[in-house]
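Report on the structure given below.
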C-alpha cells in the first residue's frame, strides 16, 4: 500500500480527541468520499478550530444561496488559480469536475477561467472574484454594479464575496502550512464524458451542457462535503 | 443625534431573529464596547453565517495561543494595511492602540510596520504575514524557517498563518460590501500616553514599553470582543 | 518629559547655522504648531536644500491654486497611502483632519480614499493622483480628459500633478532616511466633531459637511505651514 | 461523435497545402498521438511559419541537451503556470504526466512547482525559469551562478533559458489567439500509478521515483512529438 | 582598434562549422550591415538552433504581412521596452530609426510608445502588444475586438501576436545570457533628419512624415536582415 | 526651419514675465546649451514654481556632494527608465552620455543598468535607487547597510535618496503633462568615441574608462545646467 505522505510542513501536535459531532462528520466523509479531506486532518489538532472551519465552509459551499453549488466551486477554483494554491486547486478542481460532470471544465477554471467561454453571468462572477482576490482595495461601486447587471441580487453578491474571501483565507493557510491534498482528488472524474451518457445530448461539447446556473442536472444528486 | 450612516453597500435584507446565544453576545458587546461592531450587524441577516464568523474570530483572536492578543491584532492590522482595508484598519487599529496602551503603535502598524522598529520576533512575524498576504504562492520552507529562527514554534506558525489568512478573508468581504466601521473606533485610545501613567517608566518612548511579547502589562485586564 | 526619538536613520551631521529667513520660519512654526516639523530638522544640515524644499512645499500647498488647501492635503495623503509612507501619513493625515475639521475624513483618506464616498470632483482628482503614483508611464490623454470632465482646468491639472509628484518625492526621501514624524501629529484633531459645533448642522455625518471644494468653512482661518 | 470545437478565436484563412515533409510529420503525429496537435493546425495556414515553429520546438524539446526531456517539459509547464496558459498547461501538463509516468507530478507543476518538493537541481531550474518569466529585466549574474551551483553547465543554462523563452512566446501566441488544446490531452495519463507497476518499488510515493534527472526510466522509450 | 567585448555571460563552446547556407547568410550580413549581429554569433554554437532562429525571425520580420516592416520593428521595440531588454532595444531601436528614417521615433518607442502620439492604428497595435507582454493571461475577446476596430484583419492580429510573442522569447534569452549587442547599432541613424532631405516636406516634424502604415517612403529600398 | 512641437499637453497659460535672475539663467542656458530646456519653459508660467524647481534641481545635480555629477545623472536615468519617462530619459540620457564622454553608457543606463557591468559602488547605488523607486515602502535598514558596505557615507545616502526622489517627482510631472523634451537632446554625444581621443587609452572599451567615481576625466570641464 502507498504510504500517506506527510500532511503538512508544520508539526502542530497530535490529533485532538474529536467531539462526537465531529467524529460523526469524519465518519460520513469516509463513507461518502472514501477518505477524510486532509484540511480537516490538518485542523484536527484542535476541536474548536476544526468546528469553526467546518461550520463556515459547509454553510458557504452547501447552504442556501442564489449561487449554485457548482458556481461556488468555480469561485473556489478561480481564486485558487490566481493564488496558485496546490491544495485547493486539487480538492476543488475535483469538485468542479464532479459538480459539472465535466472533467474539462474543472481543468479550464483551474488553468484560466477566461479561456472557458463562460456564460455572461458566470464570467461576471469570476471577474469579480479574481479582481477581489488580486486588488481588494480597488473594488468600487461599479464592480458591484457589473454583478447586478449580470443578474445577481445583493444577497448573491454577498455570497460571491464571501466564497471568494473564504478561499483567499484557505489558500493562505494551505500555502503557509504547505498542506498536501489527498491523492484521491487527482484521480476523480477524469474520464471523458461521452455524449450519450453525459450531460449533453446535443452534439455540442459537454462543457456547454450545463443548465442556467451552469450546473449539470445530476450534480445535485449526491450530497457531498464542502471541504 | 448623529444618524448612523448606512452599514454597507449591499442590501442583504433585514436582520434575522437572533439566537439567544447571539443575542447575549450582542448584549455583552453593547455593555463592554458601547456598541455592536458593524461587521456583526452586517452578518446578522443570517444566524448561521454570523455564528460561524464569531466562532472563528473569537477563537483566533482571543483563544489560547503562543501569540499574545496584541500580536494577533498587529497581524490583523499589518494585513489590512497591505490590503488597504478601511473597515479593519479602523476597528483593529483601535484594538492595537488599546492592547498596546499606545496610540502611536497602532498608527505605525496601520501605516507601515517596517517603520515601527519592532523587536526581531514581531518583525519576523509581520514579514511573514505580509509576504503571505501579497504572494501566498511564493511561501517556501525558508519562510517558515525564518519564523522558527525568530523563536516561534510550529503551533505558533499555524496561528500566525491562520490570523493572516482570516484577515485576508475579512478584508475582502469588507471591501466587496464596502462595510463601514463604527465611528467610535476612530476616537478610541487617541490621547498621548504620559510616561508616569503609561506603560513605560524608563524615559524611553512609550512604544518600547511592552513586555517580551510586545503587550502592555495592563492590556489583559479587560476582556474584549475579537471583532 | 518624553525624550525625542532619533530623527532619522541617517547621520548627516549637525544642523547648519540657519539663515535669518529660515530661523524666522522655524520660529513661526514653533509659535503656530508648537514644534518644528521633523522633515525641516532633517533637512537643516544644509541651508540650500532646506530652503529649496520649503520654497517648493509652501508654494505647492499654500500658494494660489484652483485646488483648495484641503484638496492638496488629500492628494498628499492619498499618495502617501499608496506608498505606505509613515512620515507623510502622520503629518499630512493630521493636516487633512484639521483642514476638513473632520478627524474621520483624514483617517479615511489615509486608509483608502475609495471608501470615502467623495464627490465626483475629488474622486477623479484622487483617482488621477494614485494612478500617476502607481503607473506614471501609463498616463494618457484620456486620464487628463477625465479630470477636465470632472471640472478641472489645465492649470488645476498641473497642480494635481505637481502635488502628486511632490509627495512621490517626499515619500521616498522619508522612506530612504526612515524619517520619524513629530509625535504631536498623532494627537491632533482626534476628538469627534459634534454637529452643533462642527461643520455640519444638517444631521448628515460631518464628513459630508464640506463646501464645494470639500473644505470646512473655518479651515482657512488659521494659517499653517505646509510641511 | 463529438464535434471538434473551433481551433482559435482568429480566422486566419484555410489550411495551406502542406509540404510533403510537413504532411509526413502530421501523419506521424496522427499515428503516434492519435491526433494532430491543435497548435500545428493553427499554424497550418502558412507553411513557412509552421515549419519554423516545428523546427524550433522539436530541437528545443527533443534535441540533444544536458536537460532531460522531462525537465524541459517541467519548464514548459512551470512557465505556462506563471502565465496561466490554458493551451500549454493542457498539452504540456499531459507531457509531464507521461514523461514522469506520474499523473500527480504533472498536476503539481501545473499548479505550483514550489509545492512539489523537487530535488535541488530541478528546484533551481524552475526558480530560474519562473524568475526569467516574471522579471526578465532583473536577471543578473547571481541568478546564473545559482544554476551553476546546482550543477548546471553554461550550455545547460542556455537550454533552460531557451525553453523558458520559447514558452513565453507560445503562451502569448496561444493567449492572443485563444487557442484550444486537443481534448485528448485532458484524459492522458490520469490513472493512479500503482507501485508494483509504477516507476517506484520502494514504498515512497511515485513522484519520488524518478532517476537523477527526474525522469522515469521508461519515459525515453517512446519517441514523441514536442508539441 | 577597439577589442570586441565578450558576446554574452554564458560559455556555450566554440562556433559550430556553419552550413553553407548559413555561411552565405553571415556573409550577406557582413556585406550589408558591416557586421554579423551578435545574436547570430551567440546561436552559432549549434547549426540547428541557429537556422531555426533565423527562419522564424526572417519570416516574422521580413515575410509577407499586413503589417509594414516598420510596424513589426515598432512592436519589437515596444515589447523590449516593457521587458527592459538591452540587446533588443539597441538592435531593434536602430531598426526603427532606420525604417522610419527618423532617429527620434526609435527613441520614442524605446522609451515609452505612449508619448509618441501615434496614429490610432499603431497605438492600438502597441497597446495590444504591451498588454500581451505584461498580462498574457488577461487577453480577452475585447482586446482582439479593439484591434479589429482599428482596422486589423484577423491575419494581421496573428502577426501582431506572433511578433510580440517572438520578442518576449528573444528578450528573455538575451537577458538570461546577458547578450551584448554589436556596438555599431548605437551609432546608426542618429543624425537629425532635415526637412528638405527627410521624409517630410511639409514643415511638420519628421516623425509625422510616414505613410499610412507609418513607414517612411524610402525605407523599403534597402533590404535588411531581420536580426 | 523645423517648427517646435507643442511643449506639453496642458495649456497652463502664457509665460510669466521672468525675474531678472531667471532671465539671466535662461540666457546662460541658451548660450551654453543652445536652447532652453523645455521643462523650464513648461514651468515658466509661474516664477515662484520655476525658481523653486531650478533651486532644487541645481543643488541636487550640481551642488557639493560625495556623488560625482555623472553618478547623479546615472541615478536620474535609472529612475526614469524604471518609470519609462520619455522626457527625462531624453534629457538626462544626453547628460550621462556627455558626462561619461561615452554614448553607449547613456544608452545602457537608459535601457537597463543591470546590463552595464558597473563597478560595485555604482551597482549598489542604482540597485538602491530603483528599489526606492519601485517599492519605497519596503526600504529597510539592510538597504542602507548595503550602501554603507559599498563605501557610501550617510551623507551620500541622503544624496542618492534625494536625487532618486527628485526624479520620481519629475518623471510624474512630465508624464502627467506629457512634456516633450527639446529635440536637440536626441542628437547630443552620439558619435562613437575612438580610443585615441576618448577617455580610455588602454585598449578596453571606453565604458570602462571612467575614474573611481565613474566620471570621465574631462567631464568636469564644461559647466552645465542641471535640467
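Which chain is which? They are A, B, C, D, E and F, in the order written, and residues in each are numbered from 1.
One rule holds for everything that comes next: a contact is a pair of C-beta atoms (placed from the backbone, for glycine too) under 8 Å apart; a residue touches a chain by one contact, two chains touch by 3 or more.
Just so we're clear, the structure is a prediction, and the values are computed from it rather than from any experiment.
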Going only through chains that touch each other, how many steps at minimum separate chain A from chain F? 2
Chain B and chain A are one sequence twice: same or different residues at the contact, by the over-half rule? same
Cα rotation angle, chain D onto chain E, in degrees to the nearest 5, is 180
For chain B and chain C, let me know how many angstrom lie between their CA-based centres, rounded off. 28
Between chain B and chain D, what is the separation of their C-alpha centroids in Å? 45
Where chain B touches two or more other chains at once, the residues are 84-85, 112, 137, 139, 178
A full list of chain pairs that touch reads A-B, A-C, A-D, A-E, B-C, B-D, B-F, C-E, C-F, D-E, D-F, E-F
Seen from chain E, its contact residues with chain D in the complex are 9-13, 48-49, 51-53, 55-56, 59, 63, 83-85, 128, 132-133, 136-137, 139, 141, 144, 154-155, 157-158, 160-162, 164-166, 168-173, 175-178
Would you mind writing out the residues of chain C in touch with chain B in their complex? 2-3, 5, 81, 84-87, 89-90, 103-104, 107-108, 110-112, 115, 178, 180, 183, 186-187, 190-192, 195, 203-206
Per the touch rule, the chain A residues reaching chain E in their complex are 112, 114
Flag every residue of chain F that touches chain B in the complex, lowest number first. 137-140
